[in-house]
Amino acid sequence: MIIVMERGVCEDEANKVVAELESVGFTIHVMNGVARTVIAAIGDRKNIELRRLEALGGVEKVVPVLKPYKLASREFKQENTIIKVGNTEIGGDKLTLMAGPCAVEDKEQFIETAHLLKKAGANVLRGGAFKPRSSPYSFQGLGEEGLKIMAEAREQTGLPIVTEIVDPKDVDLVGSYADMLQIGARNMQNFILLKEVGKLHKPILLKRGLSATIEEWLMAAEYIMSEGNFEVILCERGIRTYETSTRNTLDLSAVPLIKKLSHLPIIVDPSHGTGKRDLVAPMSKAGIAAGADGLMIEVHINPAHALSDGPQSLTPEQFQSLVKELAGLSGFFNKRI
Amino acid sequence: MIIVMERGVCEDEANKVVAELESVGFTIHVMNGVARTVIAAIGDRKNIELRRLEALGGVEKVVPVLKPYKLASREFKQENTIIKVGNTEIGGDKLTLMAGPCAVEDKEQFIETAHLLKKAGANVLRGGAFKPRSSPYSFQGLGEEGLKIMAEAREQTGLPIVTEIVDPKDVDLVGSYADMLQIGARNMQNFILLKEVGKLHKPILLKRGLSATIEEWLMAAEYIMSEGNFEVILCERGIRTYETSTRNTLDLSAVPLIKKLSHLPIIVDPSHGTGKRDLVAPMSKAGIAAGADGLMIEVHINPAHALSDGPQSLTPEQFQSLVKELAGLSGFFNKRI
Amino acid sequence: MIIVMERGVCEDEANKVVAELESVGFTIHVMNGVARTVIAAIGDRKNIELRRLEALGGVEKVVPVLKPYKLASREFKQENTIIKVGNTEIGGDKLTLMAGPCAVEDKEQFIETAHLLKKAGANVLRGGAFKPRSSPYSFQGLGEEGLKIMAEAREQTGLPIVTEIVDPKDVDLVGSYADMLQIGARNMQNFILLKEVGKLHKPILLKRGLSATIEEWLMAAEYIMSEGNFEVILCERGIRTYETSTRNTLDLSAVPLIKKLSHLPIIVDPSHGTGKRDLVAPMSKAGIAAGADGLMIEVHINPAHALSDGPQSLTPEQFQSLVKELAGLSGFFNKRI
Amino acid sequence: MIIVMERGVCEDEANKVVAELESVGFTIHVMNGVARTVIAAIGDRKNIELRRLEALGGVEKVVPVLKPYKLASREFKQENTIIKVGNTEIGGDKLTLMAGPCAVEDKEQFIETAHLLKKAGANVLRGGAFKPRSSPYSFQGLGEEGLKIMAEAREQTGLPIVTEIVDPKDVDLVGSYADMLQIGARNMQNFILLKEVGKLHKPILLKRGLSATIEEWLMAAEYIMSEGNFEVILCERGIRTYETSTRNTLDLSAVPLIKKLSHLPIIVDPSHGTGKRDLVAPMSKAGIAAGADGLMIEVHINPAHALSDGPQSLTPEQFQSLVKELAGLSGFFNKRI
């Protein structure tokens, strides 16, 4: 790492930084420029915390040379990771289409939806049983009852199911029903929850936090992986910006960037990413064109009666048309449907 | 609430919206303008979710008239809430000064710090036993051992203690040691944790999320309050913006705004808010001048050896000088130290 | 428009608002809810400024029902606007590919580049003669000499040329050379410049400001159009967010959103939008998939010797490969190359 | 500066970077770490553009060691700059209070306001004659007529006047009336305008751009100074963030940070910074407490009839009360009124 000293610091202060670094095994080069002294330290970044160095007298800034994540990095593993969920694979040469309503609300309706989605070409079924809602007065999900409905839908359609986990103590419960567990945007830095799902032997769908940097997102994946669970799928779902004409700003550049930095698969959620039904189809195509391994799309039989996120939900018919469009498009990106 | 219909929608679609609203008890006024039909609905906002209305055919936008929070609002309770923590009161005519290291690292050092802080004028002692860290490889706190050290420091100094809670299952454990529990920025929308501390009979210090709006922050307070715990103190600690020369952007306008919208006390954390030691003193004064009920300041005996957040920590001597400056200043704001 | 009065305002204050609105020709409906009085005003928004109403005693907020732009809106003109630049058309069924170096640096090099770009499939040639640079010590462009070089390149290749205008007094000069004038992101709200190019009979490429909302961007187009020049092409080039791993955050959702709100053509600039050469190709494809009418791409014969923006420039060979990929892709989006 | 090479680059690529740097006079140190090669270059940053280095093959990132601004930096000039405007000084031991309406609308009203402000304690009179408005249909200011009214007010009250300049060709005109020229937020990177006012011998009030970093802001000051005009006063007026409950987010940390990085005076504009009348007084005090040299406050005799920015304007009576409060407070910050 590189340490830039403040202007006019005495040699003594620079020596203290050097001593500190040498004491934890770094090899040091000191460069005295006209206006600044710069210290380069070669060694294992994990041996010292950057902000500890910043706290030393006379230090202006510390610039890390290496990335803080290891297991999640492309340097650690060159080839793409392919993750099996039920009888489908994410990250390989097939496009993954996850679809379903934001929340499981009613058994009959959910199962009917599942059959329609299967027919339309979805290969993973989504639905929320435990819903994190910004108001305590909003519908919070059916809980285990919702999980049972999802399991029933899987039995009838053969589609694997993904659902959100919000409480660390529910990991075994949700894990006993779901084929894949989702960590929502608001929990991306709920480290307790990340560690807990890291102990599970199930794929984890890790949504990007509302204001998470690419690096923080990969560090959240690292949390899960450092507990032994390497089956992490990333999901770009829009970030918070000053723009209010969309619910979030879908950051599609994250797709090729993640592909460069990491070996993990990445999918795109244009429903939360835009918050507007009209934008779901164009941004689905854009996501695929940017190189995503799949999509997660909200579909509701009757969006106007959805208990949450109706305005961004497609009807099953709209989803079916979109899949047809994607089928032609995906060939260009070495993906098939 | 106000519903603006899209341009050129047929009467039939407007009628559906009206019927939907009337079915849940709203009184309706329809206004047909030249370019748009606008529907005004008078009634209880809790009866229907806004986004459900937005999902109805022909609806362009839905504008709520009332705020979504009730218990936390100034409309619900006109007078300021004053909260007792140990033998001090937050929100009244005395400035609350919470100080201490980011993490409890060492018993002897912590207790020495506590005595110095007491002497300098602090009235609440802070310290982290469970630390949420962005890297799984960083120091994660001493856990219960840390809580014991804090309790010992309280015994010796008489200062009440505040510490962060990160795992819902630890609420009773942490509650058995601490006088006040802190919900950190990353957990502001960890609704499971909010509900859990809502069942406790202890004051809760609720930090603003990294990219939380004022409304979302008050909704997080509402989560705690809706479970029966009304002792919530808000803490502004900086928001995430494009600016990188400070760690966060301390949003001091939040102080007078919260005072207008809510009856809850609000304090300011200039240490996390700026991330830079040099800025802590001026932003402490600015926070008081903006009307804050107190400050939370990181103090470490040896910032250069702090296991976390050294660069933003004051030394006990620097803290003491700051308290002296604040003592004079606070008189102007009807607060005493 | 809708005016929400503060809680508990007296009838007198509401009456003043009503009188104010009636005096400028609005028709008024007053609704007295349990907690708030709401006033709906039907009439021409241009008759009064919203913030003037907000300043009236007792007003909590003013919600406009109609958009502030007219000429730029899809409501004003239903069919897509197609703009002719040289012998190419923007906004029709052909994909527009604008390419060239950030700055014109050297005559021979620029003309060689122009021939290579023409061969590769570009249909508009870009290049900067007047460069807005964040440092006064950086290369500021060749000025009129640069324009002459561009004109020479046009003569040799037949490609129309687009270049940035930064000084209102240069509008005639630049207009006498260029086929299309570009307003850069930093000047999107330079209203003097917008009015000046509004008087010209040349197409204007209007880049989105670094932190401009969709509405502000369309209002900037409205400035140009209100002076009589209807030939405005919008260009999404990334917005400023907290994310630092890309130079800007390319907001591709803006493409389908603009298509819905406006009749104007829109293109995407993935070079500035990402700031990274590796991301240009995937984000070009994503831009097309999102529905853009064209792309603006930086190409430099020797990126490592470019006087500005080398890291985001493609070589002519890389550009040629990209065009080949786009040729297949664009068929899916009813565009040809 | 420090150049970090990509993982696994061949020696040849590193050698090219070294050669490039040596050719423009840098002294080089190469460090070969386990995972990366790092090149340190000592010399004058102005000799090469950073982004040109980033464009070289194999370069992962370039980290500058020195700041890009010189004349504006505290390193260039240690002592605070004090600027004389009329018979008052900005940046010294007296608090500067600039006040007045957003726009000059009416002669009689403006002159009456000027007398009231003088009496209340203002020492600079502000008013807009050329108004940059986001809509072409909004009131654009009285132009030269407005300047004449301001000059008349100065004659009657003795207060110096400050007004915004938006068109480079008006620099002489505005300069012939005003004591200080204001560059508005939207024009902070209008480099043509910056250079033009840099040639003037008048103080320039440089507002921070809506999404300008501290570094970009100081670079804008550098533009003015590099033309020979060293009389630049910075004005923090809020930045654009995701928060919508205030018009902008007033970044008061910028005050002590600018004081550290630069010798230039800095004032705060709480009117634009918050957009809400209720927040102007608390944020004025907070600005002073953060160390600002003065304030710029919008005052209008009849805010409800202001042609722009009424909701954030104080009445002259409210301004007078605020000045009284500030008089006591400012003593603590070694400033007098």
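Note that the chains are named A, B, C and D in the order they appear, and that numbering of residues resets to 1 at the start of each chain.
Everything that follows uses one rule, which is that a residue touches a chain if its C-beta (ideal position, glycine included) is under 8 Å from a C-beta of that chain, and two chains touch if they have at least 3 such contacts.
Model, not experiment: these values are computed from the prediction.
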item	value
Chain whose Cα centroid lies at the greatest distance from that of chain A	D
Chain pair showing more contacts of the two, B-C and B-D	B-D
Intercentroid distance (Cα basis), chain D paired with chain C, Å	26
Centroid spacing, where centroids are CA-atom means, of chain B and chain C in whole angstrom	39
Chain B and chain D, separation of their C-alpha mean positions in angstrom	31
Shared-contact residues (touching 2 or more other chains) in chain B	211, 240-242, 244
Contact set on chain A toward chain D in their complex	2, 4, 7, 29, 31, 33-36, 38, 40, 42, 63, 65-66, 75, 211, 240-242, 244
Residues on chain D engaged by chain B in the complex (per definition of touch)	211, 213-215, 239, 241-246, 249-253, 255-257, 260, 273-274, 276, 278-279, 282-283, 285-291, 325, 328-329, 332
Chain D residues touching chain C - in the complex, by the definition given at the top	20, 46, 49, 51-52, 54-57, 68, 132-139, 166-169, 186-187, 189-192, 195, 210-211, 216, 219, 222-223, 226-227, 240, 303-311, 313
